[in-house]
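The two complexes that follow have subunit A in common; it is paired with subunit B in the first and with subunit C in the second.
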Partner chain A sequence: MLIPLLLGITFITFSLAKALPGDPVYSMVGERASPEIIEKIRTELGADKGILRQYGGYLQLLARGELGRSYYTNRRVAEDIAIKAPQTFKLAFAAMLIAVPAGLLLGLSAALSRRRWVDRAISGLTISGLSLPVFWSGLMLMFLLSLKLKLLPPSGTGGLQFVLLPAMTLSLPALASLARVTRVAVLDIRAMPYIRTARAKGLGDLRIISAHVMRNALIPVITVIGLDFGSYLSGAVLTETIFGWDGIGRFAMEGIIKRDYPVIMGCILVSTLCFVLVNMMVDLLYQYLDPRLRKR
Partner chain B sequence: MLVLGLSCSTEQRPKGQIVYRLNADPTTLDPAYIVDVTGGAIAAKLFNGLVRLDAELRIVSDLAHTWEILDKGCTYVFHLRDNVSFSNGRAVVADDFKYSFERVLSPKGRSPNTWVLDKILGAKAYSQGRADTISGVEVLDRHTLRIRLESPFAPFLQLLTMTAAFAVPQEEIQRLGPDFAVHPVGSGPFVLQEWRHNTELLLLRNAAYYAGVPPMERIRYRIIPEDLTAVTEFELENIDVIGVPAYEYSRLRSSKKWNRLLSSSQGVNTYYLGFNCARPPFDKPELRKAVARAVDRETILRTFYEGRGRLASGPVPDVLRHWPAPVLPSYAPVYGTGRARQTAPGKRDIPPAINFYVNADQEVVDIAEIIQWYLRKAGIEVKIKQLEWSAYKAAINNGEADMFWLSWWADYPDPENFLFPLFHSSNHGAGGNRSRYSNKEVDRLIEAGQRSEDERLRDDYYMKAEHIIAEESPWVFMWHKTEYTLRQPRLKNYRMYPIYSIDKGTEVSF
Partner chain C sequence: MGWTARISLGIISALFLLSLLAPCLVPYDPDAIDLDSIRQPPSPKHLLGTDGKGRDMLARLLAGGKISIGISVFAAILSMGIGLFIGLLSGYFRGAVDLTLMAFVDLILAFPSLILAIGISVLMPPGVYTVVIAIASVSWASFARLVRGHVLTIREQPYIEAARAIGCSDLRIVWRHILPQCLPLVLVMAGMKLGGYILTEAALGFLGLGVQPPTATWGAMISSNRAYLNAAPWMVLPPGVLIAVTALCFNLAGDSLRDGFDAEQNKLRYY
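Then we have the complex of A and B:
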């Protein structure tokens, strides 16, 4: 299933990229170049061939296990991705590490204090978390934590101190959507007959929540986590740009702006792969959480 | 409290390290392939050419200690220093320049910078694969190089200050192949120590540099794409010098603390509104001049641009012009009457809306809207078409735009650089002449200027060419932008230079 999916994605991306207006050769040659040089580079890149032949050439490259070289830097795309993908993973993972516990906790507290002020306050927070753009919240966090309190470095790629600021920024929308999904799921489950049964058995609140409510509420929650994590793995362009984080998102974006086709294709391939893998893992988790989904 | 435990926002830095900010990763550090200013500025610290530019934009000696110009400007003989080595320890000799020039022009390579060296005799034959060597480049002995040109070319020494004419060591290029672009080896005052792409570059000083050991031990370039982030890093003293973003200018200018730490450099550049002169409606000068009269450049420069520039009086920047400036059509407001449409002779030729191409940079879009407003007042409707950079470039190179916004930055400080590529009819499109302007007399004058050895005569040719161009208005000549940088107080001898290649990094210290 994975191979035809990836093939389809490469074909769509390839055709879309080529259909965009713009020509990478003009940006490669600078502000004054002779027509001969432009022609020469075009021939060398194979840009003078038909689109299907170009696509065929790309598939041949893939079959050899390569992603090609960037038009501009002449570096291997695969090598660059091998440096950037772990950074993106680090950032995405750190963001989820903040978003998941905080989101679950907020959602649960909101559900348990339904329609009281705690619920209202949390709901206000989550709406802002969802609606504030990261370039605003990111800059505000930088202003506060770096410039005013001098706690964290404002930019750079590296260890824990560098990852915290972008991870916090990136975690906000995921945290907010998780909290909202959790709240609804918990409220739904709490209205189920089996919860009444559990109460009738004389179980305590804590036990009911941890063993019955949360476990069942986790199915929609895991779906949201999977989707967010999957999309973060394909890179967070704005967050990476603001904090100068060297990840896939920025790499892909720069590739798109410069029409660096091998970079665009490589990034899309890797992102698709990550997204598909994360969702496969989510499917496996469903089966663990819900015995009804297991095959006999 | 976890946060507090690992806090260190003002980082510990080694002594003798100066930190600059770049907004993008350099594409390559192989001098033959560099086309961006960022790459050029770093390469200038890693490599040397035969000659270089000083702060006053004069040609001074670099690896050639002296040179002679013979045969009415057709032959150059360079005498090389005998105390220069590449950082791998091998001495730099005349053969290295021959190799480096051949590499740029090589038919197998794809250097976009062939134009820098194609004035040399036999360069074209070599780059087209018709000859085994460049006949005009001869090594007379270990330290003497003779270069013959096809015909005299006055700014030839200026061309030799560019990255494409830097000396590179053959053995390293053979060893590294395409990786030379990321592991460059040169003879410059600094050596590349580390390059973490999209994050930072670290340069160490070259203790064996021929012109003396630079005062700074290390130069660190941090790549920070976002301006606001760079300003924050600067305020935390993590960066020593930043370019001043437009929106920070007035705040810094009026700040007591920062005002005296601002440096400026009168840019060797020209911003312009270009017309497509090759097709209606702008194929005749009348409508072009009507547009020029309708736009109040002075007010835009003073208000929107906050005076960060000098009004242009032609394509050639004032710093390079040694002759009386042409007189441009002055602003003549015609509010609401549509008089420009009436006064323009070919008024029936004005299409309902003229397309005005701009790249999708916010500042440019703002300026375009201001211009659109002025033109509407004059009865000329323009439709702004925003494209992102690579689509924009393709569109203007192919002549799709009626009007477009662009700037030209000097490759080398000679009026020729603002005339030949931009207005000579052989350079239509990607060659630089994007307004597709053609005038035989201007072509002739520019060529005569290029060939002329006598400086006064040359200025005379350039003056005549510039006056004709100004009269025919293929552009609205807007302004020459002044650039600003802000530095930390501890920096000594910091200076901002108008051209990327001047700064070798050997002056600034703490």
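Then we have the complex of A and C:
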């Protein structure tokens, strides 16, 4: 399953790269190179061969960890991404640390107080959370917490006080979707016969919720966590840009502004791979969590 | 339709109508630069103030609304069309067609959506159509998946067999008997996705990949004015509020559309 998917993804990024405006050979050697040199590089790149051969060459380059060089800094894109990846990981992790407990708690309390004002209030909050553009809610948080109250530094990369603002911003949509999914999952499961059985056995509410409801609600909840974590790892382009967080997302944004195509394409490829791998891991986790999904 | 949905759709329609009528309502050209009155706070002359080039914020906000809502609706229609076509093809003919198309659908769904939309909009000259295509080429896949699943169950129904028995062509069966059944499903999905399209359009605008300046878009207004967040908040707050309100209204309408649709389906199932 993984191999065809990876082939497909690399083929799409390859096609995107092929479709880019401008001739890659010219951008490597400049406009004034002699025709012989251009011809030589073209042969080296395999630009005169068929599309499948070119794709093969592209895969070989990728296998060696080669993503090309930036047009502007002439640094290897793969190296730059490797330097910035830990920052992106740190931010994504911090955001999930906020989003997961808060989202679960909100979703659970909404489900348990179904149809009453708590449920309505939480549902209203979560749907607003899903509707806020992160780049704007980020600016608002920055405005409030660092410009007005002067609690946190507005931007930069670094320790806890720097990571808090972007992590809060990033956690908002994840928190909201997590709360919604948890609420629906808990409501569905509470209607199941085995919950009635548990209640008939005389188990307390707390035990029913922790042992029966939450454990069964884990599958949809973990799917959402995986999707969000994956997309944060793939670079929170907007959040990182606003807060000047030096990760993959901001690197991609700089590439976009300067139309630095190797950088953009490298970021897209690495991001997508991260996203796919995280979701693959979630799939594996399902089988661990739910014995029914294990292959016999 | 519930009251939330009616009110939400009312707000969006009002906003869109206002943005279409803006030239008659606001006495300023949204793109007219007036360097004598830059960064003016809200006043009777400029109700929502002016931006860094002295352009009237109200006029620009309304102009941006036309673009944001227009692009999102247009992208929803396009994704719906492509999704219906691919889904019908895949679900009705099954076999190799189905396998190939669904492999492609899974591939598109495997991408983080904003990243793929960025990749596509980088390729094309920026403009309204590029944004529409970028959004649609990412989001048609989920429509196709949904339609295919539905078609797979419909095509086994007795009335389809009857239609085939009396000699209806494939085209007629799909067009007259299957497509109409898929429409409500697809419309509900489009309703639920529209809020996301508003956010994607705004994000692309913010990244400078949307409709290009001087044309006003909400996302681009936030990105170009955000340096003045502290000094001139009226330049940054309103576009964000409008994005959030529009997306929220679409999300609320979509949710209640889905709830109504589910209730309808259950009625059919139980009675």
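We adopt the following convention: the second predicted complex is superposed on the first by the 237 of 296 C-alpha atoms of A that agree within 3 Å, B and C clash if a C-alpha of one lies under 4 Å from a C-alpha of the other, contacts with A are read in each partner's own complex, and residues count from 1 in each chain.
The rule is simple: a residue touches a chain if its C-beta (ideal position, glycine included) is under 8 Å from a C-beta of that chain, and two chains touch if they have at least 3 such contacts.
These figures come from a predicted structure and were not determined experimentally.
Of the two partner chains, subunit B and subunit C are each touched by A:142.
Of the two partner chains, neither subunit B nor subunit C is touched by A:219. Using the contact criterion defined above for the overlaid structures, shared-chain residue A:150 touches subunit B, although it does not reach subunit C.
In the superposition on chain A, A:243 makes contact with subunit B only, while subunit C stays out of contact range.
With both structures placed on the common chain, the touch criterion links A:98 to neither subunit B nor subunit C. Residue contacts after overlaying the shared chain place A:160 against subunit B, while subunit C stays out of touching range. Of the two partner chains, neither subunit B nor subunit C is touched by A:289. In the superposed model, A:257 lies in contact with both subunit B and subunit C.
Once the two complexes are overlaid on the shared chain, A:272 sits against subunit C while remaining clear of subunit B. Counting contacts as defined above, subunit A residues 20-21, 139, 142-143, 147, 241-242, 257, 259 meet subunit B in one complex and subunit C in the other.
By the touch criterion given at the top, residues 103, 106-107, 110-112, 114-116, 118-120, 122-123, 195, 199, 202-203, 206-209, 219, 222-223, 226, 229-230, 233, 236, 239-240, 243-244, 247-248, 250-252, 255 of subunit C touch subunit A in their complex. Touching subunit B in their complex are the following residues of subunit A: 20-24, 26-35, 37-38, 40-41, 44, 69, 72-75, 80, 83-84, 139, 142-143, 145-147, 150-157, 160-161, 164, 241-244, 246, 250-251, 254, 257-259.
Chain contact summary for the complex, subunit B toward subunit A: residues 3-4, 6-11, 24, 27-28, 35-36, 110-115, 178, 181-182, 196-199, 222-226, 228-229, 232-233, 235-236, 238, 387-395, 397, 408-409, 411, 421, 427, 429-432. Within the complex formed with subunit C, the subunit A residues making contact are 4-5, 8-9, 12-13, 16, 19-21, 127-128, 130-133, 135-137, 139-140, 142-143, 147, 230-231, 234-235, 237-238, 241-242, 252-253, 256-257, 259, 261, 264-265, 268, 271-272, 275-276, 279.
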